[in-house]
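See the structures that follow.
In the two complexes below, chain A is the common chain; its partner is chain B in one and chain C in the other.
This part shows the complex of A and B:
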């Protein structure tokens, strides 16, 4: 969808009530693209998702698959996990203790070694080319499952840097399925009605807006305006739930358990949003592209993922939420077995690792065989299409039966040539 | 045999010692007969330059991070990324004479031996300098004060002081013997932590005193652009040792994006340094320290250390060699032809290459 759908033409805005429109408007017409019976089944579910995205590519050797006796190993220790016989890097001591609650796939084999094309390709599930821009996973889930709580946007993205409404992630689904991004985890601005705007004045403003929209509709395609209308109502409802953006309510012990670094704070905030009922929360951490000084950087970066990931899994488990909440921690690829001239590792889509937990995912499963040095898949690897089928399946979406419809075209929701990864599913 | 006059501008690679894995540290022995090196393969490799033989010594279970010779005895001290320090007989021994199993919480990044050979000094990730007896590896004392991991150690030219440098750019001068902190010098230029970084980058990667002890050269890189590629501007700060003030800042003319991991003053006051670069050729660089730009450089692969031969006419550089598969993705490589990167220990002679006599 072109930026022209927004009055300013920009894809990223400072968040305000107005800018929440898109994410909330996605609720309208949810069922229209799905078979009604399937849509009803899906809506009954309370499945939620948290995607922790380590942008740039975490090294599998310095995390999930250390292989200390391999010629490609880094210098770090390999430590025992709570699964007998399974070892992680010493940089993941917290996750090692909860390994029995998660699954690790060590044989992801994807096709794109570049960030610029690889990130969208992975987050869209690398579908077969149908001449359309597929939605990112969060937007797909927002479309396919709708909001878990009707008063909350279905897709919230916590990220460093700027926030705003990121409509480009929605692809052909349309802007309303984009992500409401909380820049640096900050709540949307203008979420509080200013003190100098009384309840009566606010109501009068809304009435004026509705009147203006009616006039606007008279001369134009009404669907966008309807989405704005619905979304405005949702935004007003969200204002009533502003406490979920209040990180002052998070207790100090939790902050320490998750870590005070950005990723720790943001994953804790994700837990708060999941508890509140947000369907899909993505948490981004940038600067994992360790072409230079990989070992000094991994020593400092990997613990920043380890600590909050393990804390989140434990907290969701303790709260009885893990069985209905899928947690995925991954990057767009892994890092080369070879160590380059800057003591870094380059991009490696050929054989890399990711972790999944909760919501129909086996506990304590380590999936996939690699060559002895970990460089290549031994046998068949899994592409991201397999991962998308798996994610949809554990969320209760039949990725073979359910299709998108776009301008009359029936579109598979995941790569037609792939299947769910049965080994990782309950 | 007469020693040829030093002539850096005519320096040339006079000998190469190849090794099948990447090596990060290398040193000439005090008598110049041996070269010891360590790196990825968990072994310490010793070349006898006279006999042209190589031996490999055990003692480490992970990458070798640092090594230093005893000035008088046939002992070599080596350290690794998991905190182990070994004392090896580099002439005859196979196994360590003694081992310190936990000299640091993690990586022992730097070693030094006092000039009379009595004390071994270690420093690394836990930011605490530790002093040990070279005789038996017994702990003598600990020096606390650094707030982040320590990358480098050196001794003042008169042997009275220990100098340490850390990730944050703090340089500390310690008195050897009573082990007290004398002062702190500021090299924070070599540390970068921008608002959007998720890790500190850079640090004091190398230290070297001039022969007269009046100057301290401090190597690293400044203005790192990210904590991912970690590209920065290789930089040397020259400190006037008396005042503790920076008197000059040295850079390079050519391409390079990594830190100076090693520095070495030569007899005539020339400073030599070597840096790294991603997927390209780096350089061995020479400065007159009153001039910001080098007066000479020699193209070389990325180099991680420098050691000056006791004859003061040869420099040893452990140099990166690509195995042919560098860069992103496998690009059709298979387990059979995806090869490790390797090293060459390149010895540069710092004088004009002798003219070969024509036979007949």
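This part shows the complex of A and C:
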């Protein structure tokens, strides 16, 4: 197998575990299968992650870093936040009220101005080139931490459009660490039992299936057959908990607080999945690429991120989950200071902003000095490699000591030349 | 005690065996030699054998009728006769086209040759006596001209690095990807020069369009100097001409100015150089003296039948990962060459061995067996294509599905919607069903199909898919319709087990069927569907055991 970890010293047991994870992102009962010490660690800290991805690039001037007096300013005012002296764009009234619960880094300086290469580059943490395809963040966490609840997939991706099982994000880790994608927030259709099959009937026919398997397995001992049986156990567990995908159950007040647009609905659904115990939830929103008409577009789009982001932080905080849940809201780059002839802003990786909150992150830290007009970092900026070290660190993964193993190659989990952003960490 | 005694006799026997002993017996001898003192499973029963061979050679389970006929057959040679009959049939060519294509292309639809053309090339070859070295030679040499044009698909769009990696991994059992930038970090004998030596055979190849035919050809430019490369670690500059790993470097001939070409440019295709390294590769690579190629070939053929390579993983053939049975690998390699790389001959010999025919049930008193000992047969997961065909046959719907007429006016089937639930139609054609099964059960394009990988999405599909539910309703003369007409539950059990699991039911299983049908007397037809559902979702069905 191309993606096999050959020199992991894989014993038969090792292979069977890997296979058992199958291709739904390791729905396996990790707790019982991992090395006991690792399993203990996981149980101790049920750390979770929510990544809100604004695909195309949110403008820092119209969000986290308004500079109304600079020559690059747009038409929007800045407003006070809950942190004295810190302002956000007026397009973010909800988040302004909870600024003291989050951190903002205003000096991201990354290397790629293109969407097609930038999105994977950023979501892989831009590691040094080792001739392999690195996993996206969600797949990396699925591999490094496994599922937080053994019955649930570790990595769920809520996105507009189509869903299904998306393996390509797993890179060299292998398909089983890919994402279970809920297209328009809906789970794959096969999670639903046909209407004409009652619970009782299903149990009866399943008992027959199990009897047949017992008989088949009686004189056989192969990990493949066991893994097959396990995939059914896990499938049935997931079917039994399909209510966690059911957004009909969400209450009306919550819907209004998060917003009824897709991003609002999907972030609310992310909360539901985090509460259910999913390790990593990614929520995608598209069309942030405001080359033309940046200001009208921002006026429409930014509130769609502001409202559910603030609601999510508040809800996690109220539920006592924020200290164990990392929330990241970001894009693949920011937008140019210079406004182009179509009243748009283009791609700008040189100096942009993102927000972090929760697990291991300071509350109310606004980080990074820029030049007066916000165009460039004043001093050293942070690359996405620094961000990945930070994310791994706050989740309790030592990003210097923990490595991937791939075909005998020891591979750093985050860019070797970077380190955690200490000033944003508790 | 008993087994040790017999083993000693056995050992004595194999030492005295000479080369004219048939290969299948020598295979068994070498497998035994490695596990002296250990017990082995016996050969499997007739029904299991029939199912195994039918799946391996034709990609489908046998029909209930096939099972009964084979069980009744009194010929002492019936196993050999079965193999001979199936391996010469058209279904063999159809199925091995799939197996070889999945191995060689890994489900990537690459280059300008269509899947259909490529499939036709493989099928035509497999219908006759396919010679593996000739097939590979065509795939490497193909330039667009003549009947072997379709073989060109293996080289895709002539991406030099992709070709280098595919040739090394798939044809030499060496995953040299790491060696592109530096010597392999953990496999000492894999050098960066190996990667670039292969690269130098391929780096003149590119696509060019024939103006009149408007077809893409794979042409070669003029190779005049060595390929230069450097290690990312020490930045030392190195160079190599075309060279096979462990072979000598091919000298790039220098011609007088004006005499480099054999044929001038024509119809949009460039001039043809006298020295064409890719054509040279086709010869050098597939030579019987290239042990790397021969070993990799027999290892992969062995894998396709036994489910595990003698050298495993398949693309890690190096000193740190020695084969489980080195002598056997050498023997197979030697015999394959002396039988002109005859694919069917090798398949036949492996299938005649006790090693292939062993039961998948553990030997008595044994609870665990290392998979690389081959003391017991390891169940192989069905491929997506095998699974679909077997489901259709088991549920008795093959005829109806094959008779489906696709309405050319109809909108294209929304496959994505089928998985998300927005499309509630049933797939209208066998091709569409195949695509759905490949998407669900196949490996992602570009990844090797080696290990069985169950997954929750796959189990959910088999449990709840609309199409499969549909097949379990009584339709025409399908399984549930036929069983519904039977009087006794014993007859139902017999029909059910013969059709789905390709064997007769045991007494205990008859009582299950009996009890379930009694309990569900009021909804007997549906209950038949439930029983079939349970068997289709069982491990026994999912594996070739």
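Basically, the second predicted complex is superposed on the first by the 346 of 426 C-alpha atoms of A that agree within 3 Å, B and C clash if a C-alpha of one lies under 4 Å from a C-alpha of the other, contacts with A are read in each partner's own complex, and residues count from 1 in each chain.
Convention: a contact is a pair of C-beta atoms (placed from the backbone, for glycine too) under 8 Å apart; a residue touches a chain by one contact, two chains touch by 3 or more.
If you're wondering where the values come from, they're calculated on a predicted model, not measured in any experiment.
Asks: Once the structures are superposed on A, label A:267 by its partner contacts, choosing first (chain B), second (chain C), both or neither.
Replies: After superposition on chain A, A:267 lies in contact with neither partner.
Asks: So, does A:376 touch the first partner chain B, the second partner chain C, both, or neither?
Replies: first
Asks: Determine, under the contact definition given at the top, whether A:290 touches first (chain B), second (chain C), both, or neither.
Replies: It touches chain B, and chain C stays clear.
Asks: Touch check for A:342: first (chain B), second (chain C), both, or neither?
Replies: first
Asks: Which partner, once the models are overlaid, touches more of chain A's residues, chain C or chain B?
Replies: It is C that touches the greater number of chain A residues.
Asks: Per the contact definition in the header, classify A:208: touching chain B only (first), chain C only (second), both, or neither.
Replies: second
Asks: In the superposed arrangement, which partner chain does A:359 touch: chain B (first), chain C (second), both, or neither?
Replies: neither
Asks: Which partner does A:91 contact after superposing on A: first (chain B), second (chain C), both, neither?
Replies: After superposing on A, A:91 lies clear of both chain B and chain C.
Asks: Which residues of chain A are in contact with chain B in one complex and with chain C in the other?
Replies: Shared contact residues on chain A: none.
Asks: Can you tell me which positions in chain A touch chain C when the two form their complex?
Replies: 1-4, 6-7, 12, 15, 19-20, 22-24, 27, 131, 153, 162-165, 167-168, 175-176, 180, 183-184, 186, 188-194, 201, 204-206, 208-209, 211-213, 215-217, 219-222, 224-225, 227-232, 234-235, 238-239, 407-409
Asks: So in the complex, the part of chain C that touches chain A is made up of which residues?
Replies: 106, 169, 175, 177-178, 180-181, 184-187, 313, 315-316, 321, 360-362, 367-371, 378-379, 381, 416, 418-421, 443-444, 446-448, 450-461, 463-466, 469, 508-509, 512, 516, 530-531, 533-535, 537-540, 542-543, 545
Asks: If you look only at chain B, which of its residues touch chain A in the complex?
Replies: Chain B residues touching chain A: 21-22, 24, 40-41, 62-63, 65, 80-82, 106-107, 125, 196-201, 226-231, 257-258, 276-280, 282, 301-302, 320, 322-323, 325-330, 334-335, 338, 340-341.
Asks: Which of the residues in chain A end up touching chain B in this complex?
Replies: Touch residues, chain A against chain B: 56, 68, 71-72, 74-77, 113-114, 160-161, 261-263, 285-293, 295-297, 299-301, 304, 336-344, 346-350, 371, 373, 375-376.
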